[in-house]
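Please find one structure pasted underneath; my questions will follow.
Going by the order they are written in, the chains are A, B, C, D and E; count residues from 1 in each one.
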């Protein structure tokens, strides 16, 4: 059943997802979309954890819990990030990442 | 059945991921992300981690996406189309990500993974509960407690930033 | 041989060092005349001791088995190089050093006395006396030195005192320049001296004169075998040492400093630049004579030729100079050249050593009559306040004593018997005649020229036309005259000293007598010279001018001292300053320094260039991060798989 | 307390006292008192040392004391002196004391000035009294850094540039040095647990020649830069000319000696095989240094620049002598260090005093100063004569030792180098007499408004102390030289 | 566990007090919080049992305790230095309690981080240490730079934790455990694990600001309030370095060559680039940011050999670094707080009116530059020595050359303070007692640590070496 799929498929999936997320982080101009890309990255990681847990180490739930905590932390991260983004938006009226470059060199 | 499901879900994840990072309408991107998250939850189901799938749906799909959408509402117009990123930037990012993906995937494929050895994972609520509050090996009481501290601190932080000036 | 009985001789120079310190440190607070008296007194002590030493050495106990001994009267370790190679400070007594003691103290005493009135009105009187003490101290230390390094040390010190005394009138730029020139030229020569010492000591392994000049010792044979550029190392080292001697003794082409040194006070010229310091070179060669004659006869021949050439060269120039002190200076150069020539033709044993004896003899007599001449010149200058020969004339009636004294000096130097110069010059000519005819003829010619230019001077000053003097010239005071008279007597009679009884290369006395076959022509040419001078200069006439015009370029060249000064000027000013020093300074400031600054600038430049990385763009940061990560992965995996 | 620690304690207490002083009178009195005490103490040490030696102590180092510091690295602060370091300590005490006298009338921030100066001196004392590389390096840097502040605040001219350049070049050199020291440490014992920074221990270790070859240039250049090794000397002219008087004195007089001392004690002593192999490179460089510095000095117009280039030349001679590796030359190098230290301090002191009165250092603008300030003029001439190696003054003793030692090498490479080096005595005479002639002699340049007045009492004392030291060595070098030779034996044995 | 619990207790007490005080009396929290934290710091020094709990998720040993105490001291100093700033900015954000709580919580996160025995605690600790701090970075609402810094920090931190997590997931997948002890057994020399290792390394390197993961540093440091900048540059960096050592030598020790080469290259890059950027900085905070990047490069010299003494040198260096950097930041903070001036030009002639602060600054900078006799010299020297002992002479050479470059820009500040003059130098600043105390502690630490060799020996006796 699930063993027909093979761990490689899961990993390729997660890897692709991971790098799609990274790509998004690198090119999206909007701070919030960058944040969304981060979520993609974290999800990719979660898939890995869960798949490994299922495939090789079913005797305990380490991967599962790891994924759970990652979700929780992702939530806090998003919360704080959004708070900061909004605070920034109030100051400079934009959330275009390319305009957030008051400090440089 | 699961194989088919997996491929469907995987396809969904990839397609919507790509859409998430390419869509020029920000709200749509958020919705695509939602689909990705739901598909991922589906994968968790396939892998028999029902609880995790539920957490994924509630926290991610329910919490985070809503948060993101709110913030989108606050900071941009719904109809607004994002500027397309510069070609140079896209190209460089693509090269880097493609290179990264190729390296990682080829490394993964070269790795001699053992055969599938899993049986059924005991991801029942009981098992999860015991583990979560266990303080021996494979118990997660400590991280569970620490993350509460994190949540509190982050919440406070978010509040003091987001709070408007009181004058 | 070490002896205790002469250990008091160490006091001869030290008294003067004490005098130098006393007058030098307390000088400002003493009355000038007190300093002068102090200085003279201390020198008198020294002189008495020297005379006593000479007496006991030559007549009481200097001789052993018919030969004079080299006595180490005093010895103390000064500096250790290695266990074997050490510098000692010692006193070596042998005939030449004892003779030199007498010469130096005598002339110096005369100069001290003379200066009491000559320098009376000058500022810096105390300074002058302290420097005179310093000079006499150094010179005595030089002649008494027991090893070559000690000579070098005092050699430098006499150079210093010469520098200080030439520059006595330090507010006169010409005096400053002259003193500087004297020091630097001799210093340049000393560099050769030093390298020579280093070379010599490096294979003989000693500085000690007793070891170096022992004819049976091992020092003479070492180094002769090793050759370098066709000459043995020994010859090289001795030639280098001779460079030092040539510098001090103003041999061609290192003579240029001496005429300029006449900027100093005249008594100083008499003491340092006529009687004592300038003959230090001769003394040095004489001191090392054994080693020259045995280990490097080539070098000795070279010395003979250089000396003789210099004597001719200087005599020619002397004929054309009009500054009376400069004439005397060139005459000094010429006479020292003769001494060197004498050494160059000398052999070692017995009567073959005539050249050596003659040279020392001439040194002795020359010291007397040249000091006399200078002091007379001083008296003249004192009277008329000028150095120019053609601004004087007819002084014989104003300065009768000086006139006589000067005449005695001139006769002595011209070699007219029975004055002292005749005897010593005769011996030099004889020695040359026996060894090398060319040298003889040149020296013979020089003898005539000497008579000519000296009497040109004499007649020019005391006869000739009387000039308009601002104030009536008057005879010098007694202290000055005393010195003149004393030295006149010495110049007149010192020729009768049987020098070969005392001073010989092998320390064994031999008989010498006048060689009339050479003496008569020599007297003749001297008389011709005197007559010629008398014809030309006794009365005011335009004949000299006509002659000089007819000689044309030659006269002009001689008058301008054959342009040697100009050549030196070119080398120092242009070559050293403009083509070496200034470029080095430029190179240092611009190339080397800018290289260092350049490193800093490059760092800064890179810093500016890479600032683009810190663009403020978050995504660029992330991009660097991700690509950095991927590069690290790639490199790591590549290395792992290879 | 160990007798050597007083050398650190006295300056530190002085600094401490200075912190609580509150007017200029107190500052300078306490500084002078402290450093005077240090001077007396250093002479007392000489006395103790002589007594120790004459009582038959033949150890390489006397007054050895060990203070365990960082056990884990086996870092032990070890004090100990031999005649070489002792004579340099005395030199430092003399120069520091006279430096304080010369700075008597410092107007600007006098407290800070004296404190920095004494801290600098402390570094130097520490450097000479330790025999472990760690502490040596520590004190080396401690001595270099106050320099920046001293030049920067109290300097003149392009002071900021000069201070920065000096500091960076010296610290850059210390970078090389540090690597060298760490290399020595690493190879000081085959057993990793017994590694040691102690010079005496390292001297007993057999460091492989390959390793030596790698580290010798680092150590030598590292110290050599401080000793003005061509072409890394350029910090010196700018630095010295911009520094205030006392600092120039200390820097040229003492700090540059740390370079020579380090080369001798560390580079040559601990890495002898490589030293023998690689000496030729540095002989060429130092020979260039000697002549180059001297020629460079001829073309200068600023008094301090002249003296700075002259220092390049003289310090080149120190390193040159060290590379000749025999007893006489090494003795000469130490003597030259002391001699140069004294006379260059004297020079800089005098230049400072003259500058104070004429407000210029350009020799073209001055003349005939002997007339109005005879005392200073005479002192300047004495310094000049010491510099050009006149017998009776210390320079001569040092130079002949160097030349005689160098000439003992029978091969023509060494001899040619030596002859070139000897030529510096003439060039030195040229520039010294040129300055003396222009500055002191000749007609008085009336146009320049000179502050009249000869040396004041403090200046007189400073000069007299230095001159007496110079003359003492010059007239009776035997005692010093003999003591040095004895102390040099271990180094020479390694170099045989 | 006591450290963490104490911290939580302190945080909670302060937070409750904050809730109970009215807006007018808010500032009274400041002394209370400081005293409470002082108590906590002191209690931290009391002897404590070491060992593992929570099935190996939490480890303590003497060296972690030492590190925690050092961080406590550091945070105590930061609190002292931020008191004035808090009081002055009372009107801007009315939440001192939150400020203290977040820092304390974050510190607890770091304590967990360095005590962690598995990747989950490692990850949570990292995030706990970072996410709330991002909020504090953005706290100064009056300055847009503050928010910008916050955005830059949290987004790049998110990316870096994503990367780390990906690495952790691969490690988990290939070794079957998230516990360090088991991972280390199963970790071997194969491509996928090395790839995973590098991903994790990148995440930690991001926290330490190792080139090329350093670019956020300067902007965040500049934008953040100074006390937070000091916190990030000192405490956060120190803990990350500490955990890096543990990861390298307790977990991933099976690949010495790759590890050392990576350390070598990143070390050289980090110190060089950090220095090159620091040369031209005008803003003091930015300047110190780049300087602290360069400092991190030096630390790798202690890590690279993997010896016990090397690790001891690292901890020793970090201890000194806490005092030195906080000394420098303290002065910058005091001046910025009183005058709002943060540029190097503004420091011209500082010594004239503020001699003591200038001296503290000078000591701190000398310590950072590694000039004797202040402590930084010893710290650097030992790092270099431990690298040299393992034969990394060229690396040491590069490092010391970089020290020279760094000296240049440190001297620029000293030049500004002591040598340069300007017409209106900064007026005399009357610091409050907290700032004075904070600076005094720093100065004392800088002066004293080097002289007591036993401190180093103590650290050395507690550290572990390569496996």
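Here is the rule we go by: a residue touches a chain if its C-beta (ideal position, glycine included) is under 8 Å from a C-beta of that chain, and two chains touch if they have at least 3 such contacts.
Please read these numbers as outputs of a predicted model, since none were measured by experiment.
Among the remaining chains, those touching subunit B and also subunit C are A, E.
Of the two interfaces, C-E and A-B, the higher number of touching C-beta pairs belongs to A-B. Averaging Cα atoms per chain gives one point for each, and the point farthest from that of subunit E is the centre of C.
Taking the mean of each chain's C-alpha atoms, the chain closest to the overall C-alpha centroid is D.
The most distant chain from subunit B is C, comparing centres defined as mean Cα coordinates. Between the CA-based centres of subunit D and subunit E the separation comes to 42 Å, rounded to the whole angstrom. Centre-to-centre, using mean CA coordinates, subunit A is 96 Å away from subunit C.
If each chain is reduced to the centroid of its CA atoms, subunit A and subunit D end up 65 Å from each other. Centroids of subunit B and subunit E (each the mean of its C-alpha atoms) stand 31 Å apart. Within subunit D, contacts with two or more other chains are made by residues 168. Each of residues 600, 611, 614, 616, 618-619, 622-623, 626-627, 629, 633, 637 in subunit C touches at least two other chains. Multi-chain contact residues of subunit B, defined as those touching 2 or more other chains: 89, 92-93, 96-97, 100, 103-104, 107-108, 138, 140, 143, 147, 150, 154, 157-159, 161. Taken together, the chains touch in the following pairs: A-B, A-C, A-E, B-C, B-E, C-D, C-E, D-E. Partner subunit C is touched in their complex by these residues of subunit B: 89, 92-93, 96-97, 99-100, 103, 107. On subunit A, the positions that touch subunit C within their shared complex are 22, 25-27, 34, 97-98, 100-105.
Residues of subunit A that touch subunit E in their complex: 7, 11, 14, 18, 21-22, 25, 31, 34-35, 38, 41-42, 44-45, 48-49, 51-52, 56-57, 62-63, 65-66, 69-70, 73, 76-77, 80-81, 83-85, 87-88, 90-92, 100, 102-105. In the complex of the two chains, the subunit B residues touching subunit A come out as 1-3, 6, 10, 13-14, 17-18, 20-21, 26, 29-30, 33, 36-37, 40, 43-44, 46-49, 51-52, 55-56, 59-60, 63-64, 67-68, 70-72, 74-76, 82-83, 85, 89-90, 92-94, 96-98, 100-101, 104-105, 108-109, 113-114, 116-123, 127-128, 131-132, 138, 140, 143, 147, 150-151, 154-155, 157-159, 161-162.
Here subunit D touches subunit C in the complex through residues 165, 168-169, 231, 234-235, 237-238, 292, 295-296, 298-300, 309, 327-328, 331, 368, 370-371, 374, 385, 388-392, 396-397, 400-401, 403-405, 407-408, 410, 418-419, 422-423, 425-426, 429-430, 433-434, 437, 440-444, 476-478, 481-482, 485, going by the rule given at the top.
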